[in-house]
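Each structure below appears as structure tokens.
Two complexes follow with chain A in common, the first pairing it with chain B and the second with chain C.
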Partner chain A sequence: MSYLMDNTEGTQYLLMGNEAIARGALEAGVRIASGYPGTPSSDIIESLAEIGKDMNIYVEWSTNEKVAMEVAAAGSFSGLRSLCVMKQNGVNVASDFLFHLAGSGTRAGMVLVPCDDPGALSSATEGESRFFARLVEIPLLEPGDFQEAKDITKWAFELSEEIRNLVMLRSVTRMSHASGNVKFGKLPRDGAHAGFHCDGFILDPMEGPMMSTPVGYKHAQQQEKMKKAREIFEDCPFNTYDGPEKPEFLIITSSACNLYSREAISILGVEDRVGLLKLATTWPLPPKLLKGYLSKTDKILIVEEVLPFLEENVKILVAEMAPEIGIKTFYGKNDGVIPMVGELNPDLVVGALAQILGIDYKAIPDGYMNKAEGAGISETPSRELTFCPGCPHRASFWSIHNALQLDGRKGFVCGDIGCYSLAMLPCGFSTLKTLHAMGSGGGIASGFGKLGQFGFDQPVLAVCGDSTFFHAEIPALINAAHHNSDFTLVVLDNSGTAMTGFQPHPGLKVDALGDDVTSVDIAEICRAMGARVEIRDPFDLEETQKTLNQLIQDKGGLKVLILRQICALSPEKKARKKYEMTIDEEKCLGENCGCNKVCTRIFRCPGLVWDKDKNVTKIDDVLCTGCGVCADICPAGAIERKEAA
Partner chain B sequence: MASIHLAQDPYNIIITGVGGQGNVMASRILANMLVKRGYYVTIGETFGASQRGGSVMSHLRVSARSSWSPQIPKGRVDMVIALEPTEGVRVLKNYGNPQVKILTNTRAIHPVGVIAGELDYPSMEKIKNWVQELTSSAWFIDATDEAVKLGNPILGNIIMLGALSGVGVLPLDREDFKEVILGSIPQDKLDINLKAYDIGRQIIKQ
Partner chain C sequence: MKIFGPNELLEDVFQKDLCIGCGACTYLCPYFRSYKGKTAMLFPCNLAEGRCWAYCPKVDVDLDELAKRFFGRPYDDDPLGFHRVVKISKAGRQAASGTFQAGGTVSALMSFALNKGYISAAVLTDREGLLPVPRLALNTADVLRCSCSKYTASPTLSAFNQAIKEGYKRIGVVATPCQILAIAQMQSNPMGDEDFIDPVGLSVGLFCTWGLDFRAFEAFISERMDVEKITKVDIPPPPAEIMEVYTDNGKREIPLDEIRKLVPNACSYCIDMTAEFSDISVGVLEGRPDMNTIVVRTERGENIVDEAQKEGFLILDDIPKENLEHLIWAAGNKKKKAFMKAKQEALLSTTEQGERYYLRVRPETVEEIIA
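Our next item is the complex of A and B:
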């Protein structure tokens, strides 16, 4: 039994922030949970999927974030508490529906959890979801530690029912992927029954149809809901203050920055000088509560990550209150003491606070620092990002790169989000030349493919993964098919959402709850659009390159090459070698070959090791997954493969 | 056992290594053992873009008072557990201080740049000198070698945890280890894990 189902009240577990959010949803009696995988958010839906059957919860990995939110909304409309989870970029995808939903309102509690990634530790942008809460006029909550992540999730469902609208609960990487002690509350008894009441008066929020029209009426009603939320926020138990009655200086913060700020105050030993106001309700801000604390001091530091969301909103309130509370001096993003790019940490907050208070602080004593510099740190070799041993993407990009080189017309590849984004680096032979949103490779290629009338003659390829194909590639492909755009889409089909931990997608025969489901065939979809479709195994380099050359030459419009090979880390493939690989040391001529060490220097699979002393390549038997591909790249035939027993 | 008091509060531990070495598992087991003793433990993990072979680091904060930031401030680590030697050196540079202690596995894992023949990996002798210069106490443990003798190199992380228990700075109880590890492994793997834990403990005690 998963510990998340433990119904002993008061029992304590070490939980990841994401697990704490999942537990909070369980304690709220969530019945519908949907999302699309994306670091750092995926563990929330994953941990609910694991216990969905036992707890009578419907859990799904949806095709994309917009669909996920629509699925969850249906639950809310039918009287079931529902949760929708995504990484920040997903909110961009879902935003069209988000606007409509915020206008129509909800019924049973509905909570949207976006996980932002300040510093882009595992993202291609450091976009923000907080601004969406203000833009679409819904309440925004941000937990300040792990216990609160659980408690405030439960509270978010209650708030949503109180105002009959969606509530956004925003997490960040250092909250979602960090762990701390969490005390459990009670799990409710299951008494769920679903039904959609829609025959009542058109403006009846509980019995009428669900829609954002008539806009004038619904929008005004939505703003009334926000006023109500603001009233509730004045007494929210998750807004807390720590510090002296009359602080010399006030820090206002939220989310993981709460922990950094507390640590900074403790390191500098300024507990008696600095007050810490941690806000869990960051939109709309509760003015009376803020007025109380802002009256205590004239100097305010706002600690938050990336853009000045909190800072600007507090400044507006302070401007309005100026006749009563006087003029304040602000520190934060605008004066540059807190950076506007990247994630924060305790050191950056210590730096800001020390600078403002005029305290001389050095994290590492000079003597130790000099010793560390002298201790040959520069001699410790760095670890570059690379594809895993036996990764099908390495083989795929090897073929794509070679085919484009052979063609000689400066062809390039348009890409998007996935492990294969790494193909912009040497490990993917620097083949990827555009990198944007999910599905953007196909959309951009569709545009390049129409530039022929202006003399454009470079071959254009796009790549996407199998999960991405369903998420956002299909509309781009239909656009290309309809406009007869000339490019080749390569679908890197590794049978799962590999980068985020093998979540299922519509191409597979199993869903999040482990049920057998209908799989949707990528090749058939492409054929239905009229595309020329070829399917190859990327480990067969010769066939793949031959096919790529033909497709690049084919002027017939849209072409699709599906390169199908399961991810080397997938549970079904792990530790199963197809081939035993060996090096014939007689045949490997090393530096004298003329190949310039193409296997270890260019192909660069971590399973191949250059043996300096012997002047030959060797196989690392622990890392090698036995894919057999390297046997085909050695010009001397020194790498040999034998079917594994 | 429970009479051990924290030398610092929060007591800061960094477990560092390379993806695939069981770093995350080791940090969760250690943290859960300490939660059983009534402490608040906060773990911060660096993963996501760190595919197999990349650096992986876990920050643990142990406190009798509250949860702390999931990122340890610079210069404030009390104990480093390095599953890979150069990763330990890297951590000392950013988080070390003259009082820091370190437990280092001696088995190197070469980065791609080294196996491709472009970069050099420093000798173990050099690494030992650097580590000794930068720490107040250093233990070098052939954890992976011992784990290979047990039949599985991944047990190196458990040997390192056993070694940490032997150092005696934290209230780590063998019974707690047993109970916690059963939450993440099948029953038939318990004996070999206990064996690994005991080997680590013995290496320090000798």
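Our next item is the complex of A and C:
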């Protein structure tokens, strides 16, 4: 039994922030949970999927974030508390429905949890979701520690029901993926029954149809809801203050920055000088509460990550209150005390605080970085971003690169988000030349493929993963098929949403809850669009490259090559080698003319290591996954494979 | 002579649009490959010295050294290169019959050399549609499949390099002058390998005034007919001035002026019409579509031709005076034009080490040729 199902009130567990959010949803009696995988958000749905059957919760990995939110909304409309989870980019995908849903309102509590990724540790943009709350006029909550991650999640459902609208609970990487002690509350009894009441009066929020029209009425009603939320926030127990009654200086912060700020105050020992106002309700801001604290001091530092959301909203309030509270001096992002890009950490906050308070403190002593770098260079091997040993993408991009080089017309690849985004770098032979949102490779390629009339003669390829294919590639492909755009899509089908941890997608026969489900065939979808479709194993380099060259030459509009090979890290494959690889040192040409270390200099699978003492390549048996591909790139036949026992 | 590497090859040949796609640099390593008539470098290689550069017939070809090695004297102004005899020839009764460009001399020689074991395999050029495809022929049937001129620049030497890799010795090869020049450089062991063995069992050169860029030719033809249905391509000797393209539906004639536009830049620098570093060179004979012109250069070539004649594989005859004169004029004309162009562009050198040129040859020889 998962510890998340422990019903002993008051018991404590060390939980990851994402688990705390899942537990909060359980304590709120969530019945529907949907999402699309994306770091740092994925563990929430995974935790719930694991216990979904035991707890009578319907959990799904949806095709994309917009669909996930629609699925969750159906739960809310039917009287079931529902949770929808995604990473920050997912909110962009869901935003069209998000606007409509915020206008139509919800019934049973519905909470949207976006997990933002300041510093873009596992993202392609640093975009953040908080602005959506203001844009679509829904309340925004931000837990400031792990206990709050659970408690505020539970409270978010109540708030949603109080105002009959969606509530956003925003987490960040260091909240989602760090861990802390969490004291459990009670789990409610299951009394779920679903039914959609829709025959009532058109404006009846509980019995009428669910829609964002008539807009004038609904929009005004939505603003009433926000007013109500603001009133509730004035007394929200999760907005806390620590520090002297009359602080010399006030920090206003939220989310993980709460933890950094506390640490900074403690490191500098300025507990008697600095007050810390940690806000859990960051939109709409509660004006009375803020007025109370802003009146206590004239200097304010806002600590938050990425854009100055809190900073600007507080400044608006201060401007409005200026006749009563006077003029304040602000420190934060706009004056550069806090960086506008990247993650924060305690050092950065200590630095900002020390600077403002005139304390001589250096978070990082002079010369430390040089010393650290020096030590690094002498002691550690240089490591660069690369595909895993045995990754099918390395083989796929090897063939794509070679096919384009042979073709010789300066062809290129348009891509999107996935492990294969690394093909921008030498590990993917720098083959990828555009990298944008999920599915954008196909869309951009569809555009390039129509430029022939302007003299454009470069071959165009696009790549997407199998999960991405379902998520956002299909409309782009239909566009290309309909307009007879000339390009080749390569679907890098590694049988799962591999980058985020092998979550199932519509192409698989199993769903989030482990049930047998209908799998949707990528090849058949493409054929139905009229595309020429080929399926190959990317580990067969010769056949893959040959097929690619044929497809690139084929002027017949949309072509699709599905390169099917399971991810090297997949649970099915992990630690099972197909081949035992060995090196015949006599045959290895090494740095000589005829090879010049093609395996360790160009192919660069981490399982291949250059032995500079012997001037030959050797196999790192620990890293090698036995895919056998390197045997085919060795020009001397020195890399040998034999079927593993 | 100082040897350079792939970076210099890119600079001297690829970037100057001098690559003819002969295939000499391909399959020696993982980096150079041929595809649809073009040679591509797949990945960068930073070696200071490489066979790719050493074998390339378009960079630093030391004509004097090669001539000394093969014929015991420096390069001179003979338009046909060093030769023992020029004759006319055709396949004899003992040779298998097939579809030939002219007299079937090349197919007969290769079959004979294979049958007699003088060569273990023959590197030839087959055709798929219009695409020239290098092949390794092991018997007469294989040889006959590869008969007839392809007219497009072909990476024939990729099959030669692969044959060496697969362990073939005494390899026969039928090649255009540029390819023969590359092979001559391979035969000279430019990298100084200690265990070097000359891989060539018999080299037969083909007369060539120019080849066509395959991709341009394919595009040109496919605008006019179905490339897949082409059975034979021929350029009858002057004064016809046409290319004949045969399909199942008959013959189509294309004026040569249109075709000449498809000749790659590299051909305009070529000094060699008759493949001067082969054992034997073969071409057509004006006015006699059933016969070839044959130039015998080496002792090995001479022995094989004599033996083939004795055993009925080859029929030889004296070349008419006017044919020989015209051949000399045509070959001399090509050589002169190319040397003048190369000289004008400062691509000729003699002694400087470290500098890189197209050709190395004594200045007095150049003056004699140009005069």
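The rule is simple: the second predicted complex is superposed on the first by the 626 of 645 C-alpha atoms of A that agree within 3 Å, B and C clash if a C-alpha of one lies under 4 Å from a C-alpha of the other, contacts with A are read in each partner's own complex, and residues count from 1 in each chain.
Throughout what follows, contacts are C-beta pairs under 8 Å (C-beta built on N, C-alpha and C of every residue); 3 or more make two chains touch, one makes a residue touch a chain.
Remember, it's a predicted structure, so these values are computed and weren't measured experimentally.
Which of chain B and chain C touches more residues of chain A is settled by the count: it is B. Contacts of A:95 after superposition: neither chain B nor chain C is touched.
Residue contacts after overlaying the shared chain place A:610 against chain B, while chain C stays out of touching range. Of the two partner chains placed by the overlay, only chain C lies in contact with A:595; chain B stays clear of it.
When the two complexes are overlaid on their common chain A, residue A:212 makes contact with neither chain B nor chain C. Look at A:407: by the touch rule set out above, it reaches chain C but stays clear of chain B. Using the contact criterion defined above for the overlaid structures, shared-chain residue A:221 touches neither chain B nor chain C, since it reaches no partner. Of the two partner chains, neither chain B nor chain C is touched by A:479. With both structures placed on the common chain, the touch criterion links A:620 to chain B but leaves chain C unconnected.
Taken together, the chain B residues at the contact with chain A in this complex read 18, 28, 31-32, 35, 40-49, 51-55, 67-76, 86, 89-90, 92-93, 96-98, 110-122, 126, 129-130, 133-134, 153, 183.
Chain A contributes residues 3, 12-14, 39-40, 121-122, 145-147, 173-174, 177-181, 256, 259-260, 262-263, 267, 345-347, 350, 363-365, 367-368, 371-373, 375-377, 379-389, 419, 427, 569, 597, 600-601, 604, 606, 608-610, 612, 620, 622 to its touches with chain B in the complex. Chain A makes touch with chain C in their complex at residues 401-402, 405-408, 429, 549, 591, 593-596, 598, 602, 633, 635. Interface residues of chain C facing chain A in the complex, by the touch rule stated above, are 28-31, 33, 35-36, 38, 40-43, 45-47, 49-51, 191.
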